[in-house]
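Given below, in the form of structure tokens, are the structures.
The following pair of complexes shares a single chain, chain A, combined with chain B in the former and chain C in the latter.
This part shows the complex of A and B:
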């Protein structure tokens, strides 16, 4: 608990309006997109860097936990007060400070919504590539904290590939600057990259410089349906092996396809075992040829149906299945847990088969969406949180799934983060020495362990 | 007690937070309690006994336009509107009316309309019409009843709507009548104020009056009346919004439209579009008028952003309504059109009122006004 006088001290920094401690406010900052809820002691909504420095100074002195939170859309429990403390929310710091087309970069405050940045830079013929599914609400600060990816990741990579520089308030209240506007920068340790994906445990980002790329003038969108999952996997290998780098290569498995069909999201053959949604972007001419070649690969590898969009409207129709997938799956049962196991691309069919096996073994309903082009899987466990017995089975299935993914050379998380969702699995991926090293890094930045304690470390 | 059917709605929420992308209130107020996801959490906490209802609760749930943007955004298909309306009812039952809604509810119960005037004045908008027919649009029997609605009946800025619509219906020889003093509020503001049982009394009265006239059809110029009849009145009467009836009259050749040269954009009223399912009729009408070029808003049809006038919000926080309206005007300006057409008296009041205060170079038309102009040139 935080003393009244301390509350007043925080209040005096941001003003009454932006320090919240009513039961209603605490209830609404007790969750993010993951499952467990923890009631914070208070919520603070700073408006500028200087306020953040003061808040951190007080918090560090008084050993008050601070948990940074963007839009609270992460699904790894990274922005909840697991050990109590104060949620620091960035709603007010939502300004795009600069768009610099000549240097192909932008400088933003942490609370800027990803899609708002996309929209602004598009006016300059530019694009900010990371496109997490939450992009219409999630913030750049949150994206950096979780090193967010997205469907365009196959071609463009994730947040870390576009992060050039940061201003960071450390737990001590000191402000540091890392990186800058240059694409090349090898001075010292790469603190910018260290911050990226640090899940709010090392520092508070107050200014973020991101790299932009030219907005591609054209794209081609294709959908292929397979009666055999292996044929879909072979198509993925064929495309990647051919030297074409698609922007998007999404796979939907039978379980999800059936749910989408029942939900009325889209229609496809009852024989469908897998669906691939493929998109390439670039200059018009090359996009056209690539589209034709991909269509050929799909047919050669045994697709029972291939559609190539000839207009933006048609492309939008092809995206409909993928876009309605999550909602369709979410409506099946009261809760759903979206997982994030990732394997080297070639092992995709193996991990999918493993998951189907686990689904039978533990009698749990699992649908699979995958960013097939980069081996990033999103198995979705359809369940009811209140059913303890079923949740226990899911936990076992998950554990075996992650063991399999790691044995295939993969990772616990491709783009969602560890948080409190998968901290218990960390020893599967890292040796004790590696984990201890991470803990020591954390202690260097945050000796009093006040920043998002109880998260993945 | 929150009914089980409502609890099922919020149990379906997976807290993904995508609703904040489209909530006009959250975009201004920024705090999670004003996010639809936050309100769902508060409904859940109340229903589970984790939190008691408070004045703070009432304030939070009152700051909602009931516009339904969150409903179409929600990937899990949660009917958030249903939860929010139900919470308003629960809060009113347990803690009394919102102080800023007391006056209007009192007036509704006494006068059966949202203004403070005698309901006998409901037909007052006719006083300004020239060449008024002898029956003054009040017949003993008619095929169609035109349900004018409170705002268009009493508020001068909106009275042009019935004045225009009756002219249009007349020109197409539609056999219609109004209820005048026998028309009571549809009940929509009472539902928004958390007293739906009072709305039921209104519904029964209105249905009985329509039945007395032997009418088979009811036409509404107010989208919220239209929606309320659809959702809360159990009736097999045929219900039309004015745009649907006008579209049909144009198709049947009963109305001839001349040229009106203008580039316009169209604002979908929440209760007509997203909550009423009527998107095409107004667009068809605009297409039928020679000389009109329609430029769509960035967010149109189901994605249309509320003007700020929904959900009784204006009574509670007119400043917030103003901010939402300002955002709407900015969106309209970005289309390049200098004229916005809509088909709702409340949207007209909100958008026109704000545009005037800002001295914005914007003409705001209710669609009947444009149709009547086109008829006069036909």
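This part shows the complex of A and C:
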């Protein structure tokens, strides 16, 4: 608990209206996209870097936990006050400070919503590639903290690949600058990249410089339906082996397809065991030929139905199944746990088979969405949080799934982060020595362990 | 100095023939691509990871400095025994352990030469994009330690963009594994990226997993000559602003052109003030139209001569000027110092003008090669190391150049690293707080400061 006089000190930094501690406010900030709830002691909403420095100075002196939070869409529990403390929210710091088309970059405050940046840079013929499913809500600050990916990752990579520079307030209140507007920078240790994906545990980003790329002039979108999952996997291999780098290569399995159909999200054959949604972008001429080649691969590998969009409207329709997936799944049971196992791309069929096996073994309903092009799976456990017995079975299934993913050369998290969702699995992927190194790096930045101390370390 | 018994202990780990301490050996390993010489106490050449662990165990116990060294081509003095100690060389660990075309990656030992990897993966229709000028000699281990870039960086980025995972022996002798074969991985802090560009100060890479991309089926190469540097800069802006992402966009200034002509490296107009070498790659159809568009930009912006290669042989000819540049420059004076100032791309003409001004002011001969597409300059100071008075002027010119680059939002190093060449300039780019963080990170990995202790920290 934080004393009244300390509360007043925080209040005086940001002004009364930006220090929240009513029960309603605390309830609002007690959960994020992950499930467990932890009530914070207060919520503080700074308006500028200088205020953040002051807040951190006080917090560090008084050992008050500070938990930075963007839109709270993360599904790893990275933005909740697991060990109590004050949530720091960034919705006041939501300005695009600069779009610099000649240097192909933008400078933004942490609270800028990803889709707002996308929209603004598109006016200059530019694109900010990272496109997490949460992009219409989630913030660039949160995206950097989680190193967010998205469907376009196959071709374009993740947030780290577009992060050029940061201004960071350290737990001490000191401000540092890392990187800048240059695409290349090898001066000193790469603190910019170390911050990316650090889940709010090392510093608070107050200014973020991101790289932009030319908006591709053309796009082709295809949907292929398979009556056999292996045929879909063979198509993925054929496309990747052909030298085509698709922008997007999404897979939806039978469980999710059935749910989408029942939900009325989209219509497809009862025989559908898997759906591939494939997109390529680039110059018009090459997109056209790539689209034709991909269609041929789909048919050769046994797709029972292939559609190729010839207009943006048609493309939008093909995206409908994928877009409605989460809503549809959420309608089935009261809760859903979205996981993030990732394997080398050729092991995709193996890990999917393993998950189907676990679904049977533990009698849990698991649907699969996958960024198939980069081996990044999102198994969705449909459940009811209140059903302790079922949750225990899910926990076991999850543990076995991650053991399998790691044994296939994979990782605990492709793009969602570790947070409090998977901290217990860290020893599967890392030796004690590696984890201890991470703990010591944390201590370098945050000797008093006040920044998001409940997170993965 | 290292005691005889300690020498024997090292010798017993690798075998007599791989522990070198004759005066000839020590002389050979006393310098790298940078100029100053420091004689090491010995050279050790491990054959496997296990030996490296043992060597580090002994070195850590006895506080013996270990300086890892690839091919020694770096020009920042990152691989010399500035503070004495033992050079660790990797030419025995030069095996490509695996090329995995389905997962689009390769696993190599640190001593594999970049060009050898390129050649092998090309047999699978794949490419390893980082292409430092040293690629026919330099090793992947060294490339990772320096986060090497190269001409293809405009489109493809640098080493860090292709580094997926590492096995690392820490100064303690412990082995850790970071990353893996998956393209996405956000588990814990990004130790893989922290290692990349760490200049041999944090750990010793014993296995390196790199991402590969499809070898582009087609390429177009153009050369444009300008009688006015600004016209060349305008062409660069026009190309970048057009949405074309060139593979390569190299600029050569008048000083270097004159030297190349005199050297007999290539022939071009006496009026030539700047040369652009431009390459695009990708699918045949788009490469063709992009090549045409680029040719049009060059002519519109005032090029006095444009050549577009229509065959690989012709393309090779156009590369001749660029390829002969370093040899030509080296023939002018006994020594040359190749620098690495980098600015946001639109400031390129400003920094070039500044360098010309400094050349006058300090009466030093400076030629400029630039990766113009990413604002990465290589000013080449032609000099004689033995001429202390001239070297003092060069030092001043260099300092002013870096001050200018930083004030333009640039960095001390785009791709060559800091090493002992530019450690004194670090405070220009970083605050004391940031440098202190780096020092403390170093201590986390290497508490006894035995790994390349002479380097930038």
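Just so we're on the same page, the second predicted complex is superposed on the first by the 457 of 457 C-alpha atoms of A that agree within 3 Å, B and C clash if a C-alpha of one lies under 4 Å from a C-alpha of the other, contacts with A are read in each partner's own complex, and residues count from 1 in each chain.
The rule is short, and it goes like this: a residue touches a chain if its C-beta (ideal position, glycine included) is under 8 Å from a C-beta of that chain, and two chains touch if they have at least 3 such contacts.
What you see is a predicted model; the values in this text were computed from it and never measured.
Chemist: For A:73, using the defined touch cut-off, is the partner it touches chain B, chain C, both, or neither? Pick first, second, both or neither.
Modeler: Only chain B is touched by A:73; chain C is not.
Chemist: In the overlaid three-chain picture, which partner chain does A:23 touch, first (chain B) or second (chain C), both, or neither?
Modeler: First partner only.
Chemist: Look at A:393 in the shared chain and tell me whether it touches chain B only, chain C only, both, or neither; answer first, second, both or neither.
Modeler: After superposition on chain A, A:393 lies in contact with neither partner.
Chemist: Of the two partner chains, chain B (first) and chain C (second), which one does A:282 touch, if any: first, second, both, or neither?
Modeler: The answer is second: A:282 touches chain C but not chain B.
Chemist: If you stack the two complexes on chain A, which partner ends up touching A:261: first (chain B), second (chain C), both, or neither?
Modeler: So A:261 meets neither chain B nor chain C here.
Chemist: Touching A:215, do we find chain B (first), chain C (second), both, or neither?
Modeler: second
Chemist: Using the touch definition from the top, say if A:161 reaches chain B (first), chain C (second), both or neither.
Modeler: Once the two structures are laid over each other on A, A:161 reaches chain C alone.
Chemist: Could you look at A:334 and tell me whether it touches chain B, chain C, both or neither (first, second, both, neither)?
Modeler: Only chain B is touched by A:334; chain C is not.
Chemist: State whether chain B or chain C is in contact with more residues of chain A in the superposed arrangement.
Modeler: Ranking chain B and chain C by residues of chain A touched puts C first.
Chemist: Where on chain A do chain B and chain C both make contact?
Modeler: none
Chemist: Give the list of chain C residues in touch with chain A in this complex.
Modeler: 100-105, 125, 146-147, 149, 153-154, 157-158, 160-161, 170, 172, 174-191, 193-194, 196-198, 213-215, 217, 237, 240-241, 243-245, 282-283, 285-286, 289-290, 342-346, 371, 374-376, 409-418, 426, 429-431, 433-435, 437-438, 440-442, 444-445, 456
Chemist: Spell out the part of chain A that touches chain B in their complex, as residue ranges.
Modeler: Of all residues in chain A, those touching chain B are 20, 22-25, 27-33, 45, 71-73, 89, 91-92, 113, 115, 134, 136-137, 326-327, 330-331, 334-336.
Chemist: In their shared complex, at which residues does chain B touch chain A?
Modeler: 11-12, 14-18, 20-21, 30-33, 35, 38, 41-42, 45, 50-51, 54, 56-57, 60, 74-77
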